[in-house]
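Two complexes follow with chain A in common, the first pairing it with chain B and the second with chain C.
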Partner chain A sequence: MKWLIKGATFLLIACLILAALGCADEEAKEIRVGVIGPMQFQMGEHHWMGATLAADEINAAGGIKVGDEYYKIKLVQVDSNELVSPADAATAAERAITVDRVDFLMGTIRSEGAMAVQEVAMDHQTIFMVCGSSETKMSDKVAQDYARYKYWFRVTPFNNTYLGMMNFTLVGMVAQQVVAQLHTAPKLAILAEKASWTDAIVAAAQTILPTKGIQVVSEVWRPSGQADDVTAELLAIKDSGANMIMTALSGTVGIAYGRTWGELQIPAASVGINVMAQADDFWENTNEYGNYEMTLNVYARDVELTEKTAAFMDAFIAEKGQTPTYNAGTYDALYILKEAIERADSLDQDNIVAFLEETDYIGTGGRFVFDAKHDVTWGPGYVTGVGVQWQNGELKGVWPPADGSWPTGGPSVTYAGIVAYQMPPWVIDYWT
Partner chain B sequence: MSVLVAYATRSFRLLREEVFVLPARTVFLLICILLLLFPLISQEPFILRVFILAGIFAIFAASWDLLSGFTGQINFGHALFFGVAAYTAALLNWNLGLAPWATIPLGAAAAVLAGLVVGIPCLRLRGTYLAFATLAFPLILLGVVYAIPKITYGELGIYGIEPLAGSRVASYYIAIPSMIVLGFVMWKITDSKIGLVFHAIREDEVTARASGINTTRYKLLAFCLSGLFAGIAGGLYAHFVKAASPSTLELLLSFQVIIWAVFGGIATIYGPMAGVLILYPLTEFVLIRYLAVPSETRLLIFASIVLLVLLFMPQGLTTWLRDRTEKICPRCKLQNLAWRRKCRVCTAELG
Partner chain C sequence: MAENIIIYGLLSSGVYALLAVGFSLIFGVARIANLSHTAFYMLAAYLIYTFASALGLNLYLSIILAIITVTAVGIISYRLLIARVRQHEATTLIVTIAMAVIIQEAILKAFGGQPRGVPKLLSGSTEILGVSVLNQQLLTLGVVILMLLVTWIFLMKTKTGVAIRSTAQDREVANLMGINVSRMEMLTMAISVGLAAIAGALVAPLFVLTPGMWAHPLVMILAVVVLGGLGSLKGSLIGALVLGFAENLVVFSRPEGAYLKTSVALTVMLIVILIKPEGLFGIVFEEERG
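And now, the complex of A and B:
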């Protein structure tokens, strides 16, 4: 009898071990995605939160189907430390690829860090989807050396060229308001932080905007991205007689600008890019002087860019208590990757690249289609972004206009939740 | 054959009489051998990357020690030499297509020139004033880098230059032997008459001058030598990461080198090198990979380790260890094992 009990126990243990091994084998079927960003800062947190939401949804629905099998997504958080030391980003990327064995990378914010990560990812032929840098030099490399750089894609934001085009579109919209409400010809001053990404925008503004009937003040004000006082610049702009200011600001100078602009009631409507004004805390950080500040953005809380936007927005705000910034584009990036893997029906990087290039995906930010340089396409019918304005403590979508008009033609674009642009009252008082 | 035997015999005697007699030298030799054999144990790209960068930064930290540790000319802007060489090497490779074997020495030459440029105006300054003056130079160059983006590619830097070698292992076998050889050369310099003068300048410059030493010339020499070695490190770095960016000139790097040097023990050459070889891999992968420390607490642990070491070992880690294992002969000033009673050379009582 004893041998029977012993034999049964042995069999039971063997079955348990086999079952455990089977489970382990089951669990091993995962796709590892590295989310790389400055995790100590809001940008990195939004990278992570966007990807986490997408991964949870995809895994809850079964995972990613390759052949007859389903793979779960395993996210790996990679702290790039790029805001402090961009060189750390390359080491972090290599650690993620070679030690943590991630199959894909997505994220980054600072151009210098993103370019360093691009080199490492391309060395290892690993697909890297940028969700934070607009630097065109990265996509130019795809055109220059396709065989090496084909594994690189940009999901958010659009590249510098598209950013410039959208910026000018917003400027055009405000210029129309200047003519209509101030009864004067638009005269624009440019305030752009001293950084390479703004150089092309400034140069293009000086060339293109005068042909559109907008007079551009010859002097350009270029504060540091970290400047905490732009009073002198703003007073000089006031003296120049400009009734509009086009901003190109990504650093903390955007807060100093918004606060001083409202506090001094500079008689010029503000429009352009102010990354700090995209964040929820801009209102408090500017002591509410940032009212009427306008900037381009990827998302706006009440604007439904697609049918998927509202659900994503609600989920993100519920989890994080903040409106997502463009860094949360990792959400769309993960879905785009999932679709490409499933269409490729393979985990081979080269195969997936071929199918990523054919992406035509409606995400939370719009319709994602990559161009020949693997940049997300911007324009009517694609990803458009949204112009947002602070109106009494709320960041409202004000562009594309509710009538759906697009200045360069093309299909009309209308989004639910767009409200009318508001000219700052002190600007109206000064000019009328 | 007899020549080979003679060399082998001499080498063995040298090892027995000069290396194995002191634990610090034996450990140093063992670490060198281990580092050289490491790729036979693992060729994992990330670990090799960390060791290559640690090797490059070890040269850089030792070059700071050569200037600031030995002559007392505290340099808060040492990244200048590193950045000048990195940018020179990158620009020469990018624009003229020169290979790394040419760009790295030329980058080092540019760093020597930078040493002169910094050294000449700073000769009149001492202490805090000198430290803050040196701090200004990399910031000025950073401004220049941003001001002429058509040449320097501004804040993005120059990306995509030729790699140091075709493979990670080959890069390893360039960086690590470079570290060992250059470290040894720097140590020999400090052990020579020049090193003695450097010491004298640090301890009492007026007395050194009164003794007939042209301290101005020696201080300039220290700036140039330090620039040379830091420049080689900068060139190696640029070609290894295939980029030269403004981060090579940033304050963070200038301060980091001081932390490594002070942690390891200044005025030793090997101390700062040990500091880098311990702290860099520790923060880059040991804490995260083997001790599962979350990345956000990495900096906190790094700071705690440095603080604790400096609290209990104010002279630095290697100096603390050396003082407990070695003793200086009062007569001939040679190092001896701490537990010896008589000097290994002059047989004087060690006390």
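And now, the complex of A and C:
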């Protein structure tokens, strides 16, 4: 009997060792990618959905090839809770790296949360690809302390400087329409939420736009990003005599703005950045008063930025029932990472960084090339973004213009699916 | 600019007043500082969204259903939680703030964090003194004035109202006079939460619904009731007007500091209570209580 018990015990231990070895072997063929974002919010959901689509496609095609082996991508959902408490993002990142043992991180949305995650990821020398924050301070750190911050890259959106340049380009386009349709000189009011990412844009607008023949109202309206009513601000803008409003809004104030602007028929064309207007539910949330609201965006449903855009758009909408926002840039980020790993033929973070820096990848949002500060490059021939406008319930691409002209010269940029910009009829009625 | 400040000051003050009167009422009668007051306001707004937008019910029916449901939730929470700890003021504060956070988390779980919008009862706008005002805002102000009048008449002219005021003035004497004090307190809780629900119903079409929408109005109504004098209904009205006007004065006169409107309003409150620590009508109220 004793020998039977001993034998069974031996067999059991042997099985356990074999099982453990099997698990270890399985884990070794897995690359763990942490997708970090506010998962209770649409931004986080789009982070996750973009990454999930890419991971499913890559895994179905065999995975990521390193040496002679193929590694499957294992996504780990990391809830940063950064919209409620930015400090939580750092804790979530720390846990993802040390407990969930993720090899790479991608995502985040809010500047404060993204910067906190950046520090944690750099502490652990873990590659972190931002797909949601435009904060320039993060890329400045790469220039200031390359050895520490080289593991950081930005995929979407482009940085504040590029955002400002694109914003001014859109403003210039609408200013031309003001002259052509309203027969008056463009006069611009700035409505920017009080946040660090808007400060540079506001300062640049006040300096640059007057040199382009656009009068800028001296007052700047700075509501909170979470303000639920901006009626007073809009009435004051109306009183200022402005015929254009440049927005820089990322919070829910963008909905309050769009709704009140349309319902009060403020006689000023709206253009700029309104992150809430990039989402499909803006139409419903503004009770359809958000018609004619214009914002810059990374994607537009009917605009084919590259040959990969339409397929991605269809797959995302089929899965999620929503048009992807710039947070879904995790899709491109994962492919960029895969290519860099395969070119490096290594899972060593420093090696991968070197190959990420050499990225030249046509993704769903354009051609991705990182600059010296690891920011995605914006401009003709690279990622350009798209100007979108709500037109009767649909978010239409209205920029770059159909003739492909770029304001500062350079190669022409033409995308299929671009339609003409529409001046709000009440603005035309008021000024003509 | 003065017309803008007057009109929008009045509109902002209206909702603060409706919320603050409800908060002050239950504090005056039962000494309950109900920090979940604005969470009930938020719950009403989300229920209207659920009934009207998600389930497709008639908007008026949705509003009535939401107000009834929230009032019922308020009564149940009073019976199950608040009534058991109301003798301990600090515990009551903690219990009610915990209730607010639970409501917030439940809404976050059920609806997610993305903002929601509710259809309006009235669309379009009207010019008053050259100022464009949304018709829904005018409706809101009208209903606020009506509800405040109804509340005042109820408290001053009805037998139950007198009983509630008696309970507020002296609980023990009211009890000795044969007034069912516990019942009066529960009734007051129902009225208080009902007013919060009505406020929620009024602002739901005007504001953006998010799971954090209860926090800012809570800060404001606490400021309003402290400014006006804790428990004083008249003080709550005046306090709401002062802070509503202060906020709009900032937005119209210092546009680059619009995000500071709440801070400035709270500073006004701080200055007043430094000069008059009991609030504008605190002494009158204390004298009324005996």
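Throughout what follows, the second predicted complex is superposed on the first by the 405 of 432 C-alpha atoms of A that agree within 3 Å, B and C clash if a C-alpha of one lies under 4 Å from a C-alpha of the other, contacts with A are read in each partner's own complex, and residues count from 1 in each chain.
Throughout what follows, contacts are C-beta pairs under 8 Å (C-beta built on N, C-alpha and C of every residue); 3 or more make two chains touch, one makes a residue touch a chain.
In this text, all values refer to a predicted model and were calculated from it rather than measured experimentally.
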{"item": "Fit or clash between chain C and chain B when superposed on chain A", "value": "fit"}
{"item": "Partner chain in contact with A:84 - chain B first, chain C second, else both or neither", "value": "both"}
{"item": "Which of chain B and chain C A:219 touches, first, second, both or neither", "value": "second"}
{"item": "Partner chain(s) touched by A:263 [first = chain B, second = chain C, both, neither]", "value": "second"}
{"item": "Which of chain B and chain C A:94 touches, first, second, both or neither", "value": "first"}
{"item": "Contacts of A:187 with chain B and chain C, given as first, second, both or neither", "value": "neither"}
{"item": "Touched partner set for A:308, first chain B, second chain C, both or neither", "value": "neither"}
{"item": "Chain B versus chain C as contact partner of A:42, first or second or both or neither", "value": "second"}
{"item": "Touched partner set for A:287, first chain B, second chain C, both or neither", "value": "second"}
{"item": "Residue contacts on chain A - larger count, chain B or chain C", "value": "C"}
{"item": "Chain B versus chain C as contact partner of A:227, first or second or both or neither", "value": "second"}
{"item": "Angular separation of chain B and chain C about chain A, which is computed from CA centres of the superposed model and rounded to the nearest 10 °", "value": "50"}
{"item": "Closest Cα approach, chain C to chain B, once both complexes are overlaid on chain A (Å)", "value": "6"}
{"item": "On chain A, positions contacted by chain B and by chain C", "value": "40, 84, 194"}
{"item": "Of chain C, residues touching chain A in the complex", "value": "1, 4, 8, 12, 53, 108-109, 112-117, 119-120, 123-125, 131-132, 134, 137, 203, 205-208, 210, 212-213, 216, 248, 251-252, 255-259, 262"}
{"item": "Residues of chain A defined as touching chain B within the complex", "value": "39-40, 77, 79, 84-87, 90-91, 94-95, 97-99, 111-112, 115-116, 119, 124, 135, 137, 141, 194-196, 199"}
{"item": "Parts of chain B lying in touch with chain A, wherever the complex brings them together", "value": "44-46, 49-50, 53, 146, 149, 153-157, 159-160, 241-243, 245-248, 250, 252, 284-285, 288-289, 295-296"}
{"item": "List of chain A residues in touch with chain C within their complex", "value": "38, 40-42, 45, 83-84, 193-194, 219-224, 226-229, 231-233, 235-236, 238-239, 252, 255-256, 259-260, 263-265, 276, 279, 281, 284-287"}
